[in-house]
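Pasting the structures in now, so scroll down.
Look at the two complexes coming up: subunit A is in both, with subunit B in one and subunit C in the other.
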Partner chain A sequence: MNRQGAGVVVLAFLAAVPTARAEDARKLLVESEARHRTKSQQYAGDLTVVAKDGKVRKKAWRSWREGYAGDAKLLIRFHAPPEVKGVSFLSLGRPGKGPDQWLYLPSMKRERRIATQDRDASFVGTDFNYEDMEEFDQSKFAVSLKGDETADGQVCWLIEARPEENAGKSLYEKKLLWLRKDILFGVRQDVFRKGEKEPAKRLHLSDVQQVEGHWVAKALEMTDLKKGSRTTILLQELAFDRPQPAGRFTLQNLNREGGED
Partner chain B sequence: MRFLLSTLSLSYATRNKAKTFLTLLGVVVGVATFSAIRGAQSTLVGGIRSTVDRMAGKAQLQIAMEGGVPEELTETIRELPGIRSQSPVIEQVVVPERGELGSILVLGVDLLGDREMRDYSFEGDDADLDDPLLFLAQPDSVAVARPLAKRAGLKIGDPLVLKTSRGLRTVKVRGLMTPKGFAEAFGGNLIVMDVFAAQDLFARGRRFDRVEVRLADGTTLEEGTRTIEKAVGPAYRVETPDRRGAQLEKLITNFVAGFNISSGFALGIGTFLIFNSFAVAVNRRRRDIGTLRSLGATPRQVMLLFLVEAAVLGLVGGVLGLLAGASMSQSFLKLMEQTSEQVFGIINASEAHIDGTLAVQSVLLGLFASLVGAWEPSRAASRIPPTEAFAKGSFQAKRGPLSKPRVIGGLALFGAAIAFTFRPPFGGNPLILMVMGLCVASVAMLASPASQALIDRVAPFAARISPVAGRLAADSLMANPRRTSGTVIATTISIGFVLGLGGYMGSTKASMLRWMHDVLTSDLYVRASANFTNPDSRFPASFREELAALSGVRSVESYRGMRITVDGEPAMLGTIEVPLMMKRVKHDFLQGNDESMLRGLSERGEVGVSDNFHRLHRAGVGDKVTIATPSGTVSFPIAAVFRDYTNDRGTIFMDRSVFLRYWKDDRVDTYDVNLISGADIGKVRDEIRVLVGGRMPALISTKREFVSEIGKAVDAFYSLVRITVFLALGVAFLGIVTSLLISVAERTREIGILKALGAVRAQIARSVALEGVALAVVGYVLSLPIGLLIAYFMETTVAEVFAGWRMPHQTPWGLLTELAIALPLVSALAAFVPARPAARTKVTEAIEYE
Partner chain C sequence: MTFARPAAASAAVDAFAAALTLVLLCGVPRTASGQGFSGYAEAKGFAYADRVTYLDPWVVGWQTLFLKQEGKLGTASYAVSGRAEAISSYERGPLVFDPADRELRRTPVSVREAWLRLPVASSVDLQAGRFFLGWGKTDGYSPADAFLPRDLSDPFADEKLPVWGARATGQFGTLRFDGVWAATTTPWRLPVLSGRNAPIDTSGAPVPITLVDGTSRPPADGFGAMRVLASAGEWDVGLWGRTGVRPAPLIVARIDQAVPTPEGYAIPTDRRFAREDAGGLEVSRVTGPFVLRGEASILSSADPELGHALIWTLGLERAFGDGTLLVTLAANARGTPVDRALLFDRALLPGLIVVWDRTERWGGWRVAWTAAFDHGDGLLKSEVSDNLTDEWKVTLGAEAPYGSRYGPFGARWASRRVHFAVRQSW
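And then the complex of A and B:
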């Protein structure tokens, strides 16, 4: 979802539009996408998973993204701890459909496809699942403006997004998005599983800064409201619009060992 | 009646504890054997279904193919309409290095998405499994079911060494599963690991054992099956877990049928034991009966008294037998499970249990057997006139009914048994019960007159052997025909069953050994898996060239076996380079010959079929066999029919080139290596070991070793029948011992008279022992025709009904000799032991006995 934050759930929203235009959620999202679109993004991420019982697990990865929303390509390679070094994840967006996703395991020297059915599975033991790893594409959702609300001290638009039936299966019935009115940047998202009235998970985007002229949240925290666990990702060494080598986002490259790209 | 029971019956039982115990033992052994075998059998069959169901979880369909499902198949069905999810599976039973833990089922699943299929229950300290990345990134990761972990003392991070086809492999516990749903399968002896790691661990290459499918809401099973079948082609089996369970059950039909026969035998012998015991008991208590009759008891009351006694004995024996059976059934089940895994590749692990229905059946059978056994003696007791009952010794001297109608009736029944053996009007268990019933009935009717006739001829010989003891024994035998005939009947029926079952097994094994001698003529056999029928790993085809290049090797044949379905019935497909094989193998043809087989299979793409396939499917030369192949459904003409014991459901043979053309799968189960004359087998074997070392699992056997290994598998198939033969033998000896013990006790008065006339103790004991030997010899001689008929019936009619085979008869000389030695010894001992104390009894006491 979130192209800024870690290749993990991220929302791109428009700048504040305080007048009657704000009622048009679609326009807000389209404008946000146009404003925050970047050709590429890369960073080093530190991931911390805190279980309900307080048990902490840490991992570190490098992430590269090319494209945006429905046509985004994402490659992640883990480099710590040593037990998971070289494990890689590739996601190739398909316009109008769910993306193709693969996980590469160096111990077996082979990639394995993440099936559509598996999108609910935890992504590498975090509170994100594989669907959460997809870029948010507003064109796959029916959206409506629900008003405005304050989140993290910022006045935000509250937008409800429901997956379109013809845009591929989704685990969720709806998502609630909070966009800062001033920069149209998403700072919170609640996701609701099918048939449930309470949100299953909540994503907070914080430490929002400008890097190379782009707004970006350098800290993401996904909380599983049922399990009581949370996953934090801290983004470092952020860079935008760097040219990506040809073939980086391919299965051949995914299967390349060493973890360096 | 209560008064009669407490005064007459209870008093008799108290005075004759040993005899009552032996009679009770007959019921207990019969019921215990029956309930143990049936309990284990139903647990095995139910367990197979239950394991399939539990392992399947929420999967509605399973896609499988012999030799494994290629990974690409998952791509083929990924986008099919109506498919909600799919999940590949590898299933393997392994033995841990710590053998005491028992066999463990390893289930390889795609942990990324398998929760769609199965409910996992990870709780407590197994949080590591919540980090699938760590679990997946380390291919030695396993999650262990808690009951197994508890027994093995395993915790997170502990290693567990498993014996695999590639040798010892260590896995590491990274998760624990609470037994729930599928984790209860295989008795909780379950390990879960990643399916791709399992591929490597168990040498599956890039194949899965099956792919499980869950359908989208609104898609029916028929629609889903049709869609998948259309997409994957006819070579794949697309079936519900329930149907798969039914197919697996079908595979072990013959194996299970053997248990029915065995348990029937055990119960039959037990029933006769009761009959014999009651018959003797009635004879012993005729003075009591006479007293009762004199005091006004009606014949009906006397009969009822004995039947109530029998009912009490039957109920007590039934309950005790049930308890004994429950404790025996787990051992039987383990044996059955090992065989079903070794011979059929079917996995199961359950705790044997005897359900309520079987428990009631068992107790009722004990009751029924007792009533049946006691009916005729009770009737006889009720008809004893008081005057005769009071006349000491007169009854024993009375000859049994030697009426012509009885002899004719017995002969007619035996003739009917022979007729049903040679021309069975129907099949299955009813036929077996019918023939066995006729045999028992005919023996019951004929044994008495036959034994009297035999004893009349044998007794004088006994007199010649020992002037005093022999003459005493001979006089006793001829003077007490009624008493002796009971023992003879017991011996005849029991030994008849033993000879029948044992003879059948002997013929079967001899036929198979001869066949193996004709067919397994290569010098070395290089196998990829220890499992003959369902190999868990295979060789690449290219390995043949490497073997052929070794010095000393003349030729190499590539054998590949495969379980297939023909006309809805399971069968085996065997493929090999036929021209090479025909140079060394001697086939026993029923139809066709070497020429038609060679040309048909290697030049015209035809098939050869085994004799049992020919009989089971009624297909011979000129007919066609239709087989679903990955390239479509193909009808293969039959070129030859020959004797073959590869599979009990029938085997089809084709040339390897034809198999490769249609199946496009060149992997090999076994390489048959033929050496040049004079080559050193040991040296070539060592070279092959070096060749495969570290690359692939391989078992290299010489011809003799290979035949011996197959022999073990055959033995495993008949293991339970063998146990039943021993049990039947035990029951037979028990019958003989009971009869003789009672017989000797009956002679106490006679012994007293002999002592009064000057006989010494040793002479009396020897004469009784000699009498026991004579009775055993007569019973043994009479059991020969019945035993050989039963053996022939099993070898031909029963074997053909179930497996399509007709085993050439082999007279079980070994068994006959063993019985000829053991039987007189046991009988002599059984008679001698009670005869000694009887001989010590005071003359006055002995004469007053009865």
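And then the complex of A and C:
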């Protein structure tokens, strides 16, 4: 092989590397989704919101999810503190697109639709916003493998995910995902706003254990790195694959007051 | 007709009795452990900058105890709530049994909700009892909400009243329906018509005039209403219709029955309730960061003092952070020849309502501006609250009606005020 031929081979190899990394990352995420997919999940969440000045606020909600990732339907009902009791949130996933979302406010006796570009709003005073409440759907992102890195003492795949333009608007330019190599379970996520080099927020998933045969993180902490505040959710009464009543994930049910579900 | 004003001592005794009664009925809140038990106690004070007569107090206090129990009985859900309050002004009524809020003044103890909801199919419910309704999708004026009773004892509080009746709600695919039958008329509760909350400014009259409560006989029957909503992609469409008694009264000043008083003349003011049929269309669409909304409604009444109306609204909603900016333009396209100042609900038309509220980590704030174009008057409201803890909250606010005294807000020029409230919730 002459020098010119060798150069072509090197260029072809270099060009193939990102594709291979993207394929690897996609395979990992698809495999992760296949392993951890559940028909449904429900839990009681105890939330602690700690502001930069150390002021602590407690909240509590019950959450029901049916489906997984892009086809997930989610209903959340707050039951503490009194100020937000009865506030409810419904998100109906649309595969490959942004979900439809509504918030029910008992004080107004009506639901409010969340516009796509409103999703930067804080979710009921927490460090999560409405986009953060969406299930991660790998099909809506261009992904690439960035190597491996240790998180929480576990060796992880580090994957970069950039929102696809045709998959609905996103607040974020990219997300960095840490996926545990041993169980392909996401344990950390850094999100970057558009045009920013430093992550805006960090989601840390810990206390990972098996419940009813499914891996789950029983503690989630979202830190707003700019505001210096953080919200921790402790998951209690976890249950998977329970049949969900027909009509639970509907606007009709979102508007129901006085019930527990 | 009555000129009597309750004495402060009497108010305190009644309020104490009312609160004690409610606490005994519902249990001591701090020790209650029942699931779904909630409530609050609030002390609120208003300080006014002006007054129309020497009888208008400079400072008014409202104390409220609200208790609510909600839960499930098998597959059915229920809620019961009650309120005990003490009001130092003459907005406070006597301690009477008034389960449907049909009395002119607020009784110190009242039932707010008492309903049972039974699912008859996976997405169809029947609800019966006393419940609140909210059909309008804006904080401003909505013709879809115009049939709902309101309590204007505090004319700037925008407080809804519940109704007794039955309701069927359901969803089939993307189609939802809501049918309501209100068994009896719960009338709008108006503020005391004399003094600073009078709906028309009488200070320019040749002789001092005071409007006093005359007769008010709300009809025994109520109204029926039906709404269908559909969602398709970014679009939401709603159709509604209603028929029955209009809960907002027509004010009839009985000048022929004017009575001389030491201060001038007292004119009895009767309240009539007209029947009205109405239908409406509402359309909204999510467009980028905005929700754009339009409503059109046809309202028809054989009563010549109410007449027909064609009321439309255009609205825009936008979230900013953890809050919402809402702008609503509303008008009556028909030149209905009635005295709008005495209709209360339509008095502000044509008008613009801008509401901006935001939840902050420390609490929240809200600014609202209502402008009535007819006379160039309006109302500015602002409020800021601080959540001291998850249970304790303090609120500071101000309300400032302004503009021409011939308009519905400008007529209440002496109601400019600040308020301060402390609330404990559980």
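Just so we're on the same page, the second predicted complex is superposed on the first by the 237 of 261 C-alpha atoms of A that agree within 3 Å, B and C clash if a C-alpha of one lies under 4 Å from a C-alpha of the other, contacts with A are read in each partner's own complex, and residues count from 1 in each chain.
Everything that follows uses one rule, which is that a contact is a pair of C-beta atoms (placed from the backbone, for glycine too) under 8 Å apart; a residue touches a chain by one contact, two chains touch by 3 or more.
A quick note: this is a predicted structure, and the numbers were derived from the prediction, not measured.
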- Clash or fit, subunit B versus subunit C on superposed subunit A: clash
- Item | Greater residue coverage of subunit A in the superposed arrangement, subunit B or subunit C | C
- Query: Looking at the overlay, does A:E83 come into contact with subunit B only (first), subunit C only (second), both, or neither?
  - Reply: both
- In the overlay, answer first, second, both or neither for which of subunit B and subunit C A:K55 touches. both
- Query: After superposition on the shared chain, which partner residues are touched by A:M108: those of subunit B (first), subunit C (second), both, or neither?
  - Reply: both
- subunit B versus subunit C as contact partner of A:G125, first or second or both or neither: both
- Where does A:E165 make contact in the superposed view: on subunit B (first), on subunit C (second), on both, or on neither? neither
- Message: Given 2-10, 128-136 or 218-226, which part of subunit B has C-alpha atoms clashing with subunit C after the fit on chain A?
- Response: 128-136
- Could you list which residues of subunit A make contact with subunit B in one structure and with subunit C in the other? 49, 51, 55, 57, 83, 108, 110, 112-118, 120-122, 124-125
- Query: Given the complex with subunit A, which residues does subunit C contribute to the contact?
  - Reply: 36, 38-40, 70-72, 77-79, 115, 117, 122-123, 125, 132-137, 139, 160, 169-171, 176, 231, 236, 284, 286-291, 317-324, 359, 361-362, 387, 390-391, 393, 425-426
- Message: Show me the residue ranges of subunit A that touch subunit C in the complex, using the header's touch definition.
- Response: 49, 51, 55, 57-58, 80-83, 85, 108-110, 112-118, 120-122, 124-125, 229, 245-247, 250-253, 255-260
- Note on the structure: Given the complex, residues on subunit B that touch subunit A span 74, 78, 84-86, 110, 112-113, 115-116, 127, 130-134, 136-139, 196-197, 200, 214
- Which residues, counting only subunit A, touch subunit B once they are in their complex? 49, 51, 53, 55, 57, 59, 78, 83-84, 87, 103, 105-108, 110, 112-118, 120-122, 124-125
